[in-house]
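You will see two complexes here that share chain A, one where it goes with chain B and one where it goes with chain C.
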Partner chain A sequence: MRRIALPLLLVLEVAVLAPLSGVRSTHFLSTFGAYANDLSIQAAPILLLAFGMTIVLISGGIDLSVASMTALVACVLSKFEPGPQFWVTAIPLGLVLGAGLGLANGLLVAACDVPPIIATLGTLFLYRGLCEAVLKGAKYNPFFDVPGYSRLGELPGALILVGVVLIVGGAWFRGSRWRREILMIGGNRVAARYAAIPVGRRLVEVYTLSGVLAFLAAVCFTAHDGSASQASYMGLELQVIVAVVLGGTAVTGGRGTIIGSVLGVLLVAVLVEGLQAGGSSFWIQDRLPFKFGNLRFVLLGALLVFGVWLNTRRSGERPV
Partner chain B sequence: MGMITALDPTDSVPSSHKLKHPPAYAGGSPALLSALALVLIVLAGCSQDSVGTASNKAGAGKPRDQIVIAMLPKLTNIAYFRACQEGAKKAAAELGVRLIYDGPTDPSASDQNKFIETWIRQGVDAICIAPNEPKAIKRLVQQAQERGIKVLTWDSDAPDSGRDLMVNQVDDKRLGEALMDEIARQMHEEGEWAVVIASLNADNLNTWRKYAEARATEKYPKLVKVDTVVTEEDVDKSRKLVETLLNVHPNLKGMIAFDSNSVPGAAEALKRTGKAGKVALCGNSTPAPNKDYLKEGVLESFFLWDPRQLGDLTVRLAVAAVEGKSPKAGESINGSPPLTLSPRDPTTVIMSPEPLKFTKTNIDRYDWGF
Partner chain C sequence: MFLVAADAALLVFIAWRAALSGASFSDEMGRMAPNVAPTILAALGQTGIICCGAMDLSVGSILAVAGTVFGVLHARGVGPSGCFAACFFVAFGLSAYNGLLIRVLRIPAIIVTLAGLAFYRGLALILAEVASRGFGEQFTLTGDAYHRPGQMYAGWILLGALAIALWGECFGKTPRTWLALGNSETACRLSGLDPAKVLFSAFVVGGVFLGLAALLDVSNHITIEPARLGAGFELSVIAANVLGGTSIFGGQGSVAGTALGGLFLYLLGPAMLYAGVDEYWRTAVQGAAILAVIGIDCALGRRRKMMEELR
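Entry: the complex of A and B
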């Protein structure tokens, strides 16, 4: 029963919300195909971020700055000149930048002993503020003028990117010793230290990975939207955390799977898309006194609490 | 007890240490199956890319109360676009069509795209966009048109996107020139001037800016542009940035502020730094926030048009597009006043060929409430 709970919930969600987004029984295949298309493109960057967030949560930490890192990388990318040289100038720099931002988080947590929630809360604001500085005197966004780049924002390009990261990365992750060390760090850090696991180094690696994935997510976003601004992707970290927690990763650390996070991302993506569509539905608007789309944060918050509760119950453990 | 959990059942951990209730996703088959199902669905979606839904192609014969017009402003919560919404609602009520007027709360192109994608899927009849970034909507315009949805731009254009029609509130060249002529007159045709603008991407603002700059090069060679300030549709930001601008350029003699929030912000900055009357200011903005500045002499004049009329005209033209009627110069359509087409682009309708000029003497006549 527990194993099918989440997939079942996803099917239910889609069944209820898809009609709001235009899926009809008359042209079912084409309307559902369009729905799945758009949903996959929207979910792609979130899947990337969720991969990193899962590992961060498993390690017993949290990364609140993912949305800000993504925005900052996107803003920096938008300052480059358009053209094929974008691939060799901007992309490597973006990768290094993402890794650097993540590294900064990791160093704060590991070397300076700042609790992850505080460290990443601080960088959430710091990186977001840097976006504004970076964008000063910005010229035109280059993204649509770079050959081949917007393929990464559509299917199948985006899915291939995400698929490679998740499948190759996920497969490596599952079989690796690294994963077990992270699990142990999240489960009992003192014991991990006694087990000769290089805790500090692992933590730095985990947060740096989160930064690299933020860079990849920024690529997905900018390839699709063609622009980046200081206010881009606000509130995205909430979506990612809700998704990962819903998927079975414990916020206390020591537990979590990538596949669970994928399911969680889909659950949240369907919900967010359904809320967006519901806001334009006359049937709903005529019956509710407030703007339907504003329910988004309320529901995401409720989902987060529900997800944590569900996971505590499902594990069968009683917290000590 | 520690929470070391064995997610991999093949780990060599003594059974007494294993938890009695392992968590649900040890890569279990239901999870894998659903992932597989999703991949298949998405692949199905890929191949169905350009199938239009039949309902939209029958636009010409549809009864009015089933026609849905979706209208997307640059952002929803500034006075200018709220005024447009008023006009749009009125026209929709008069014509008997259904109107969705919605948009992001920040001038963000990526947020705008989310609305457009949803409306395409929902199969609305027409989408009217005021794009924050003209290049960002091209792909969506094509997608919408493939499904039989009419696409209009209003307030700001996306010239290369293939949109069916543009509803422009003014003749761009006339407005740019009017702004420059006004500021040049106030500056006695010489001195340093600066541009205050919401964004360097929005097509409408930058087209006016380019015409103004071209006018300066052509007629006022003694005017020198020294700086450009980007305010992102925010009054406070405009004020702070202009205060800095005035400090950096002590010899500045004039500014043109190209959008409704930049003008009052710049005016306030002039007031606070005591430079009102010494630095000329002109631009286009709504009456209410600038009325006091006009009366106090911080501002001599500014331009606009009636945004309610813009919203109104956009809806009428959208309905006409859905019903297969094309706009003709000098004729009215769906109850609009007689139309003017742009001399430079036959797919652009111009609402007011001459912009409306507000001064101390006539401002009281325009108590529009915004």
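Entry: the complex of A and C
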């Protein structure tokens, strides 16, 4: 029952929300194709972030700064001149920046022993502040003038990017010794240290990986939107955490799967897509006294509590 | 002691630069009370919650809901005292509701309040649109009577609340049960205290302080924007606690430390202004300063914690 509960919920949700997003029974194949297209483009960067977040949560930590990291990388990328040289100047620099931001988180957590939720809440604001400092209120949009760049935000390009990361990375992760060490750190840190696992180094690696994936997500986002501002992607971290938690990853660490997170991301993406489409053009908006899109925060919050409640119930843990 | 010195240094720096630039130091101090009071009041409530080993991340969004209720009532022509009461009780009620949810669902407080951070923000936005027709972005509060608590009595309310909190810390029984819970849940249970009940009481008392903080903060604003009011408030509240020596793992914390921590956070603002920090860099510099203090604090406690872990 547990194994099919999540896919079942997903199918149910698609059935309810797809008509809102314009799927019609008369032209089912073509409208559903367009819907799936929108959905996968929207879910692609979030899938990348969720991959990193799953591993961070498994290690017993949390990374609240992913949205700010993504925004900072996107802001820095947007300052570069468009043209073919973008690929050799901006992209490697963005990669280094993403890794560096993640490394800073990792060092705060591992070397200074700041609780992860405090450290990354601090860097959430610090990186957002740096976005302001980088852009100084201006806005640049070079991305569509870089040859071949925007293809990464369209369907085949984004899917290849996500596919390589999720399938190759996920397959390696599943069989690796690294995963078992992370699981053990999340399950029992002291025991992991007695088992000669380099806890500090593993934690630094985990947060750095999250930073690198934030860079990939930034590429994915900017290739699709064509611009970035200092307010981009605010509140995205919550969407990612909700998705991962719905997928069965324990917030207390020591348990979680990538495939569960993929399902969780799809669940959240269907919901967000349905709310956006329902708010823009549909009859619902006329009958509601408020913007349909504002329901997003409320539903995300409720989903997070519901997901965690489901997880703690079935594992029989009783935290305070 | 470190914090007292840091606060004093910032004050001296501000006084010195103010004297140089010809501005009045007492004017600067007069501006301080309305701005610093909400943070310190909310931080005092949070101290109790953190002492239990929990945390309330949703205070900023609760502030937004309380502010929205205030704005809606004001737009409908309700008198000042009605607005103040509604604002206070909304903030108090939502904080207590957080506590209740944690107690009933038995989910970690951080998750419940992280969800609350989004949930209450959405609630504020929807409430603003439902309750007032033609709502566009913000409410404007006109009339001096609506601003009286935040602008005139903020300092006195803060001092009163501080006195009560200090009295409770020294002589009250409930604050001790919070410390007991934060130190060891098992010991707390074995000595006959119900951990869920103790945590709930911390959220209720925290709600009283948060209600006062919301009242002062909202009535200090001229415009209320539900989308932005109180954004990032939870970080300054938690930072004030951590700066003031409250252990984020629970079981340790003091009223005086929290008050000094909140003061330090506020003083950073005018000090940066006088030091001529570029406008666009201020958020980053403030974030870096907070992280540096917290990082040093945790790094200093690291050795002890490692020894405990590897006993």
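Quick note on the criterion: the second predicted complex is superposed on the first by the 308 of 320 C-alpha atoms of A that agree within 3 Å, B and C clash if a C-alpha of one lies under 4 Å from a C-alpha of the other, contacts with A are read in each partner's own complex, and residues count from 1 in each chain.
Throughout what follows, a residue touches a chain if its C-beta (ideal position, glycine included) is under 8 Å from a C-beta of that chain, and two chains touch if they have at least 3 such contacts.
All values derive from a computational prediction rather than experimental measurement.
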- prompt: Overlaying the two complexes on chain A, which is it for chain B and chain C: clash or fit?
  reply: fit
Greater residue coverage of chain A in the superposed arrangement, chain B or chain C: B
- request: Could you say whether A:Ser229 touches chain B, chain C, both of them, or neither, answering first, second, both or neither?
  value: first
Message: Could you work out the angle between chain B and chain C as seen from chain A, using CA centres and rounding to the nearest 10 degrees?
response: 80
Query: When the two structures are overlaid on chain A, which partner does A:Thr252 contact: first (chain B), second (chain C), both, or neither?
result: both
- prompt: In the superposed arrangement, which partner chain does A:Pro156 touch: chain B (first), chain C (second), both, or neither?
  reply: first
Query: Touching A:Val262, do we find chain B (first), chain C (second), both, or neither?
result: first
Message: So in the superposed three-chain picture, is A:Ala133 touching just chain B, just chain C, both, or none of them (first/second/both/neither)?
response: second
Query: Once you lay one complex on the other using chain A, what is the shortest C-alpha distance from chain B to chain C, in Å?
result: 5
- request: Please identify the positions on chain A that touch both chain B and chain C, taking each partner from its own complex.
  value: 252, 320
Message: For a test of understanding, state which residues of chain A touch chain B in their complex under the given definition.
response: 2-7, 10, 20-24, 27, 29-38, 40, 42, 138-141, 144, 150, 154-156, 159, 174, 183-184, 187-188, 191, 221, 224-232, 247-248, 250, 252-255, 257, 259-260, 262-263, 266, 273, 276-277, 279-282, 293, 311, 314-317, 320
- request: Enumerate the contact residues on chain C facing chain A in the complex.
  value: 53-55, 57, 101, 105-112, 114-123, 125-126, 129-130, 181, 185, 195-196, 199, 232, 235, 238-239, 242, 248-249, 278, 280-288, 290-291, 294-296, 298-299, 301-302, 305, 309-310
Task: Give every residue of chain B touching chain A within the complex, in rising order.
output: 1-5, 7-8, 19-21, 23-28, 30-35, 38, 41-42, 44-49, 51, 53-54, 70, 98, 100, 102, 106-110, 113-115, 117-123, 132-133, 135-136, 138-139, 200-201, 232
- request: Flag every residue of chain A that touches chain C in the complex, lowest number first.
  value: 108, 111-115, 117-119, 121-126, 128-130, 132-133, 136-137, 189-190, 193, 235, 238, 241, 245, 251-252, 289-291, 294-302, 304-305, 308-309, 312, 318-320
